[in-house]
C-alpha cells in the first residue's frame, strides 16, 4: 500500500478545479492546493479577510506586512486582485459566490455533514472562524484529510459524533487512501484509490458504507 | 401680514443647522437650504444615490454628466466628498447616520406623523422614492412647506388624512407663516411667526392645537 | 484564460428567457445600461419583471420595452419621471403590475439576495400602506416589518472600466444600484465604456469584483458618455 | 471647520466608560488599532465587552487588557492564536465569558447594527451547536436561524490615511472588520498612519466616509508599519 502524500492529495484536488472558479482554501493542508494548479489555468483564490486574487507566498524578505490571508500568513496578489471588507467578503461567501471551498475535517458523514471545528462540546475555548459560513455558503465543499485518525478510527462516518460545522455540505473527499464523492441519497462513492489499496481494505477503514461508481 | 418667502424659509432652516451635521435635502424647496448655509460653516450634504459631500450646482456648461443628486440635477463635489453605492447609502440613512433630513410635506400631524408621498391611496402610479427610508432613519426630520394648501386647508393637522410616510418622525416645521417644533407629548410649539402674523391668526390656519413656548 | 468580455450586445444577452426577473442598474441616466436595455428590446424576451428605481422616461429604453408589451411587472421606488407617459398609461389601463418598494428597502432586499439573507427586519414603511400585509415585529421597543430577498435571473448594469476578469470600476455617482445588483442575479451582464488590461485597475478602485460578473461588453457610447 | 483629528491617544479615548461594548477592528495584526488598545489599557475602563475576531496573542494588547481583569466578555469567532495563553487560562478558570460567533455572522450582525436592521436570517450555523436556542425558520425550503444586530458603544479601528473630516482609506488587506465596525458604534475612534489635507483622498478610494468617524489620531507606528 502506497498512500497519497499530502502534496499528492493537494495535487489531485488542484487538478479537479476548472479554470475560472473562485476558490477559498481553508488553513492547513488545503492551503497546499494553490501550489498545484497548473500555471496556465486561471483560478481565483479568495480569502475571508477580503482578498480576491491571492498569488503564491512571497519570497523571504519580500513580505508586505499589509497583506495576509485568513491563516495570517503573508501573501502576494495576482493581476486582477481586489479588496473588500469583512462584511462584503462574507456576503460573497454566504451569498453563494464562491465556487468551491476546500477544508480539513475531523469527520465527514455519508449525507455530507461536516464536523471540523470542535472535537467535543466541552472544548476549552472552541474556535470556529469562518468555517460555518463557508460550509453554508460555498457552492461546493471539498474536504482534504487523512482517511483515519492517528489511532486508526475512521473519519468517514454514518453520522458525525463531533459538533457539526454544517449540514449536507461536503461534496467530495480527498484522503490519503482515496478520492470519494458524496452523492445525495447514496453516500460515499469511491472515485479513485491509492496504489495498493483495494475496495475492501478501504471499506474496513471507513465508518460508513462505501459504494463503487455505477 | 408678510409671509416668509421660500428663500426665507430655506434661510431659516439653513441657519439652524450646526457645523458638522450630515444633511439630506429632499427634492423641491428643501434643495434651497444648501444655498443659505453660511460659507464658513461646514455642513456635509448627502444624496441618496451615494454622494457624500455635494457642493453647489455647477455653472452652466460645466456639468459633469456622471454627477447628479437624488433629484437628478447636476451637482458638484466639495473637498472631502466620497461615493458609495445604493446599498451602502441607504445603510447610512437607515442606520441613523444622517443628522438631519429636510423634506416637503402634504401634512404633518401633531404627533410628528408625516404624509408626503401620496395624496390618496388610489393615486395613479404612486411614487415613494427614499422618503420612507429617510423618515424612519434620519436622526431629525424637518419639514419645509406652505402653512396651508392652495385652497386654504391646514397642513398642520391632528391626524394625517393622507397615506403616511413615517410615524412620529417630524421634529420641526418651517412654513411661510411660522417655525414650529413638534414636541413629543405636547404637539406643535410655535417658535417664530412671520411679520404681522399673530398666534390666533396662526391657530385659525392650523388643524391642530398650537402651543406657545413655555 | 478567464475572459468575460464578449464582442456584441447580442452575445451579452444570449439566453435571456421569457418571464425573467431583470435587475436594471442606474439612477437617473447615470450608470444606466442603455445599450443593454436596447439590446434586450432587440433580443425579444417578454413577460419580464423589471426591477429598477424608476419606470422609464419618454418612449425609449425601459419605457419602450413596456410600450412593446414585454414587461409584466415593474418593481421600483419611483415610477415617475420628467416624462412617465408610457408607464402611467399602461398602469391606468391595468396592463402592467406595480410593486412599489421604498428605495432603501429595494436596495437592501437586493443586497440580502446577494448575501444569502432570505429576510430581514426594517423600520422603513412601518405604519404606512407599504407595510400592509407584511409581518411586523418589535425589537427593543420599536416596530419593524419583515422584508424578503429580491433576486434576479438577470442583472444589466453599467460600469466605467472593466478587465477580462469582469472587475468593474464606477465613475462619479455611477455606482448607485449597479454594485448591489451585480451580487444578486444568475446572469450578470455589464456594459462599460473602457476595457483595461488585467492588472491596470487599482485593487482598491474595483467597485465590483469580477467574481460577480458573467459577461462584459464595451460600448462606444454609454449615457452619459465622456 | 470640521476637525476630527485629536492630538493624543488619551484625548481620542476620552469618555470611554466602564461596561462599554468595544468593537475592535483588525484581522491578525493587519488593521489592528494597537495604539488605541494600548491607550485603552492606560485609560482604565473596565468590565468591558470586547468584540473582535480573535482573543489576543501573547500578553500584549487585548490579551494584556484581559490579563488585567478588565474584560468581562469576549465576542469573537476564533479565540485561538499562535499564543492564546491569557484567554485560555481565564476561560478555563471561568473568569471570562465567551460568545462564539461564526466570522461571517459576526461581520453581518455588526453591519446590521450599522444599517438599522435589528435582525436577519442566515443559513450559517444551522444544525450546529451555535444555532441552539436561536429562532429557526424555513424560507423556500431551506432552514435559517435568526441573528440579531450587534452594536458597540465604542469602535476602535485602524485606517491608513485620514483627513480632518474623518474620511479613511485602507491599505492592502487592512480593511477587514474596520469599515463595518465604523458604522456600528456610538463613538468611533480611528488610528491612522497618515493625515492628508481635505481633498487629497480620492473620492473612490475612501473606504469609510467621515460621517461614520468621530475621532482620528495619527500614530507614528502602527502595526504593521510601513
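By written order: A, B, C and D. Residues from 1 in each chain.
In this text, contacts are C-beta pairs under 8 Å (C-beta built on N, C-alpha and C of every residue); 3 or more make two chains touch, one makes a residue touch a chain.
Note that the structure is predicted; figures quoted are calculated from it, not measured.
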Counting C-beta pairs in contact for B-C and for A-C, the higher total belongs to B-C
In whole angstrom, how far does the Cα centroid of chain C sit from the Cα centroid of chain D? 33
Taking each chain's centre as the mean of its CA atoms, chain B sits from chain C at a distance in Å of 29
From the C-alpha centre of chain A to that of chain B, how far is it in Å? 54
Return the distance between the CA-based centres of chain A and chain C, expressed in whole Å. 35
What are the residue numbers in chain A that touch two or more other chains? 83-84, 90-91, 94, 136-137
Would you give the residues of chain D that are in contact with at least 2 other chains, written as numbers and ranges? 108, 111, 115-117, 122-123, 170, 204, 207
Please give all chain pairs that are in touch with each other. A-C, A-D, B-C, B-D, C-D
Residues on chain B engaged by chain D in the complex (per definition of touch): 19-20, 22, 42, 44, 46, 52-53, 77, 79-84, 90-92, 94-97, 136-137
Would you tell me which residues of chain D are touching chain C in their complex? 108, 112, 115-123, 137, 139-140, 142, 144, 148, 169-170, 204-205, 207
Hey, which residues of chain A end up touching chain D in the complex? 47-51, 64-69, 72, 83-87, 89-91, 93-94, 113, 118, 121, 124-133, 135-137, 163-167
State the interface residues of chain D toward chain A in the complex, per the touch definition above. 27-30, 55, 77-80, 84, 87-88, 91-92, 98, 100-105, 107-108, 110-111, 122-130, 170-180, 207, 223-226
Residues on chain D engaged by chain B in the complex (per definition of touch): 1-2, 111, 113-117, 163, 165, 167, 183-184, 198-199, 201, 203-204, 206, 209-212
